[in-house]
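See the structures that follow.
Across the two complexes that follow, chain A remains constant while its partner is chain B and subsequently chain C.
The block that comes next holds the complex of A and B.
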C-alpha cells in the first residue's frame, strides 16, 4: 500500500544511489586522498619514514659500537672508516647520530602519546562536563602554562640529576617532564573543540534519541575531534623533540653516555669544537632541523586534508 | 472522556537573559490526543519550539526555568521526571525531528551506525538485529537500496533523503508522539510535499500523534486535525483546523491567513502584518498584539484578553466567544 506510492520515483533513485555510495569515499578516505595530493606533505612523510627506518636499522650495519672508545682515533675529521668523524673519546659520530635519533624520536613519540592522552582526556572532560570540573582543570592548565617552561624544565632536570637516575631511565623521566608541560595546550584546544561541537544539532539529536552521556561523548562527540587530534599530535612530536634537544643540550635531559641529538650538540659549547670540528655538532643540528621542519609541514598538510575549513586559500 | 496522550496544563516558562527574565511561554494549555495531528503555528520567536523542547526536556537547565504548570504524558508529569527517566522516554515513546536534516546527523558516522543506536538503547536489540531492523526502516520511509545507504555518510545524501532518514530514526522505537519542528523548512517544495505525505502515512500506520510545528498555514491545512496559534508565548487561538482556517476569530490568525500568497494571483501586493513580535522581556500589560492589530481599540489597552471558549478558543475581546463582550460583527472596528 505504502510502498507503491513511491514506486514511481524508486526506479530513478535506484539508479542514482549505488553510484553515489560507491564513488563518494568516507571522510577518512577523502582526507588521505587530499594528503596524497599535497606533494610537500608527502615528501616530508616519506622523509620522516626514511629517517626513522635509518635510525632503527642503520646501527646494525655500522661496524662501530656507539660506546666503543678509541684512544688513537680522537677527534678525527670524517673519513672512509668514520663517515662523520669521531668525538673526543674516539667514538664514531655517525653511529651515535643514528642511536641518538632513536632516542630523540622515541622521546618525541612517547611524549606525544602521554601528553595527548592526558590533554585529550582532561580537555574532553572539561569541555563536556563544564561546571566545577571544567574550572578546576582549566585553572590548573593555566597555572602550568603561565610558568615559563624552560626555567621549569631546568629546575626539574636539576632535581633529576640529584636523584641519580641511570642515564637510560632518565630518558623516561624526560618524557614525563615534557608531557607534564605539554598537556595544557592540548587540553585547551580539545576543550574548545568540544564546546563548539556539543552545541551542534547532531548532539541535540543524540539527546533526543535518549542516548546515554557516555555514548554521546565517546560515540558521537569524540570521533568528531579526531582530525584536530591527529594534527595536534603531529605538532606535539616536533615540540617534544625540540624541548628534549634544548634540555639535553643544557645537560639536564638525556645525559651521556646515552646519546641524543641534543646532548651531541653539547660539543658546540666548546669554542675549539665549535670552530674547528663542525662534524661533531653539525649532523645532530641538521637532523633536528630536518625532523622538526618535516613534522611541521606534515602537520600543516594533515590539517589541510582533515579540516578543509582551516585551509589557507591558494594564490 | 479518555485521557489525552499529552496535556499541556497552564505551562509557563522563562529564560534568564541580560534584559531580565524573558517569558517565552505563558499559560499554554492544550491537549494532544493519541493518533491526532496537532499543528502549532506562529511567527519566529513566539514560543512554538520552546514549547516542544520543554516537552522533550531539552531546555538548557541553567537558563530556562519552569514558572508553573505541568506537561502530562499519559497522566505522568514530564517536568517532575528524573533526567534518566526522561532519557528513557526520549527517542522511545517521544521522538522529535528537526528543521535541518543536514546538520542533525553526525558527519563522521555512517547512516547505519546512527540508525541502530535508538534500537540498541531502548529496545535492547543486538547490533545485528538492530542493523536488519534499521535497513527495513529505511525501506519503510521510501528509500531504495537501503543496504548501501546504511553504509554511506550523511554528506552523500540529499536533504530530502536525510530528512527521511531522520524520520526513520525517530520512528524506530514506534513512539506515541512525534514532534516535527519545521520538518520541511530547509527542503525544496517538491520534497516538502513528499516528506509531509510520508509523515502523515507513518502517523496513521502506527497510530502515532504528531505535533507539527510550522509557520506555514498550508502545511497545517494539509496535515493537522487541530491547530494551536501562538503569539508572543501565548496561545491566541485554537480549534479544529478546518474551523480555524475558515473562520479565524483572532486578528493575528486572520493576519496570518491573509498573508498567504494565492497561486496564480499577482494582482496585489502580498499582505503582511505590520510591526514585529514584541520583546518577550518587556511585554505590555495588555494584549500583546494591540500594537500590530489594525482593529485595536482603547479596550485592548486595558487588559489581557483571556483565552475563552470550549473546543474553540480565542484570546481577543472581539472574538465573539466571550459572553460578556458580545458584539455584533457590524460593530467591529475596521
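The block that comes next holds the complex of A and C.
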C-alpha cells in the first residue's frame, strides 16, 4: 500500500517536474511581467524612449540649424515656422530644445553610469571586506557628505574651469563633478545592503556547502544587490538631470552656446524675457519636469517589480 | 547612554578637523580671489592688500592661523562687507531660519498626516492621487517651480508680492510689518514645502506600511482594538522610529538657507549672501559659512544617532 502510494506520488512528481520547469519564470521574467502589468510605469518607459529618440533624431528633420542666427527674427513668439518661437539671436527654440535634450539626457545617463560604478564598487568593497578598507572608504564618504553640495559643486566648477575646457567638453566636466558628489550616498546604500545580505541564511548555506569565496561573492552575494542597484541607477539619472539644470541655471554647468535644458532657462533671469517671453524658459522647464517625473515613476515601478516584499503586500 | 553620547562626541572631533582642512584647501586652491577680482587696483596696491590679509603666506601657516582663530570663536572678517563674518551671518541667518522653520513644520505635518492616511488605506484612490501629486512636486527643478509660482501668483494674478521680505522702501513697523513679511513668505514657503514634502511623505508611508504588516499589529486587531487605536497608538509609534533620525538631518537645512529659492525670491537670507560671496570670491565668508554648516551637519548626525538610541532601546544594547 505504501509502495503504491509512493509510486503514484513519484510518477506524479516525475510528470510535473518538466512542466513546472517550463512554467516557472526566472526572477527577471517575473519582474518584467510585474513591470508590464504596471501601466503607469510602462507608459513612462515608453515616454522616455520616445523623448530620447525624438531628441536624437528630431534635429535632423528640423529646417533650422542650431547656430543659425537670424537678425530679422529675434524674440518671435511661437508661430507656424518656429513652433516654439525664437530667442534673442533669432535661433529656433524648438531645435535648441531637442539639442539641449541630447545634452541633458547624456549628462543624466553618463553621470548615473560613473557615480553608480564608483559607488557600487566602493560600497561593495567596503561592505564585503570590512576592517580598515571599510573605515577609510566610509569616513571619506562621510566627509564628502558633510560639506554642503552646492558650494562644493561651485568650487569644483571654478577649479575645473581654470583648466580651460571648451564649451563642448564642459559637459564632461559637469558629469565628473556630479558623480564625485553622488557616489557617497550610493556607496552607503550598497554597503548597508551587502552587510545585511551577508548575515542572511542563504549566505550561511553557501559557506556550509563549501563554495569558493569567488563563487559566493559573484554567484550569490552580488546578484542579490542588483535589484536595489537598478532602482538606484534609475533615480540617479533623475537626480543628475535636476542637478545639471540647477548648476547651468546658476551659470556653472554647461555654458552657451552649447544648449542644455538648464542653461536655456537662464533666459528667465532677465525680467523682460521672464514676463513677456515665456516660450524661452517654459519649454525646457516642462521638458525637465516630464523627464524627471517619468524616471521617478519608472523607478518606483521597478522597485515594486523587483522587490518580492512589495508584491506580497498588494494582495 | 551617557557613554554612548560621549563616545560619539569624541568621534566627531577628528571629523571636524578633516572637514576644516578640506574646506580650507578647497577654497584656498580655488583660482582667483577677492583682490584679483578688482581690476582697478595697481599691482603694488594688490600686493599690499594681499600682505595685509595674509594671502601671501604659505598655505599651511594660513590654515593654522585660520584654525587658531576658529578655536577662539573668530570666524574671520568679510572682505566684501568689511564686518566680521559672525556678525554678517547673524544678520542674515535668522531670515533663513524663519523661512526654513515654517516650511519644515508644514511639510513634516503634511508628510505625517498623508503618510498615516495612505497607510491606513493603501492602494486606495486617495493613496494613488497623493502619490501622483508627490511625484509631480518632487520632479520640479527648484528654480522652475519658483519661477512658475512667481509668474502665476505674483505677475499674472497680482495676489502676492514677487520677492523680497518687505515692500520696497517700506518702513512699516509692528503689526503692519508682520503682515508684510507674512505675505512675502507665502510663495517661498509653498515652493519649499512642495519640494521637500514628497520624499518625506514617501519615506513615512513606506515605514508605516512596513509596520502595519507586522504580527503585533495583527495581534492588536485580533484583540478587537479600534482601528484608530491600532494605527495611532501601535503602528505610528513604531513607524516614527526611523523618521526620528531624519529630524537630526534637518538641522543644517534650517540655517543653510535654500540657495536657489532665496535667490529667485530675493529673500535676504543666508543663501543670498552665500551666492553674493561666491560672486565676489569673499573667501572668509564662504569658508566660515561652509564650516558652520559642516559643524551643523556633524551635530545633526550626532543628534540623529542619539535620538535613535533614545527611542529604540535595541540600538543602545547593540552598540
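Keep in mind that, in the parts below, the second predicted complex is superposed on the first by the 299 of 315 C-alpha atoms of A that agree within 3 Å, B and C clash if a C-alpha of one lies under 4 Å from a C-alpha of the other, contacts with A are read in each partner's own complex, and residues count from 1 in each chain.
In this text, a residue touches a chain if its C-beta (ideal position, glycine included) is under 8 Å from a C-beta of that chain, and two chains touch if they have at least 3 such contacts.
All figures in this text were calculated on a predicted structure; none of them were measured in a lab.
Participant: Determine, for the superposed arrangement built on chain A, whether chain B and chain C clash or fit.
Facilitator: fit
Participant: Per the contact definition in the header, classify A:196: touching chain B only (first), chain C only (second), both, or neither.
Facilitator: In the superposition, A:196 contacts neither chain B nor chain C.
Participant: Regarding the shared-chain residue A:29, is it in contact with chain B (first), chain C (second), both, or neither?
Facilitator: Touch status of A:29: no partner.
Participant: Which partner chains sit in contact with A:79 here, chain B, chain C, both or neither? Use first/second/both/neither.
Facilitator: neither
Participant: Check whether A:246 is in contact with chain B, with chain C, with both or with neither, and answer first, second, both or neither.
Facilitator: second
Participant: After lining up the shared chain so the two structures overlap, which partner does A:215 touch, if you call chain B first and chain C second: first, second, both or neither?
Facilitator: Only chain B is touched by A:215; chain C is not.
Participant: Based on the superposed arrangement, let me know which partner A:158 touches: chain B (first), chain C (second), both, or neither?
Facilitator: A:158: touches chain C, not chain B.
Participant: Rounded to a whole Å, what is the shortest Cα gap between chain B and chain C in the overlaid structures?
Facilitator: Chain B and chain C, overlaid via chain A, are at closest 9 Å apart by C-alpha.
Participant: Touching residues of chain A toward chain C in the complex: what are they?
Facilitator: 139, 142-143, 145-148, 150-152, 154-155, 158-159, 161-162, 238, 242, 245-246, 249-250, 262, 265, 268, 274-275, 278, 281, 285, 288-289, 292-293, 296-297, 300, 313-314
Participant: State the interface residues of chain B toward chain A in the complex, per the touch definition above.
Facilitator: Residues in contact with chain A: 56, 58, 87-92, 95-96, 98, 100, 103-110, 117-118, 121-122, 139-140, 142-145, 148-149, 151-153, 155-157, 166, 169-170, 197, 201, 205.
Participant: Can you check the complex and tell me which residues of chain A touch chain B?
Facilitator: Touch list, chain A to chain B: 2-3, 5-6, 10, 13-14, 17-18, 20-22, 24, 26-27, 200-202, 204-212, 215, 219-220, 223-224, 226.
Participant: Show me the residue ranges of chain C that touch chain A in the complex, using the header's touch definition.
Facilitator: Interface residues on chain C, with respect to chain A: 15, 18-19, 22-23, 26-27, 29-32, 122-123, 131, 135-136, 138-144, 147-148, 151, 155, 209, 213, 252, 256, 259-260, 274-275, 278, 286, 290, 293-294, 297-298.
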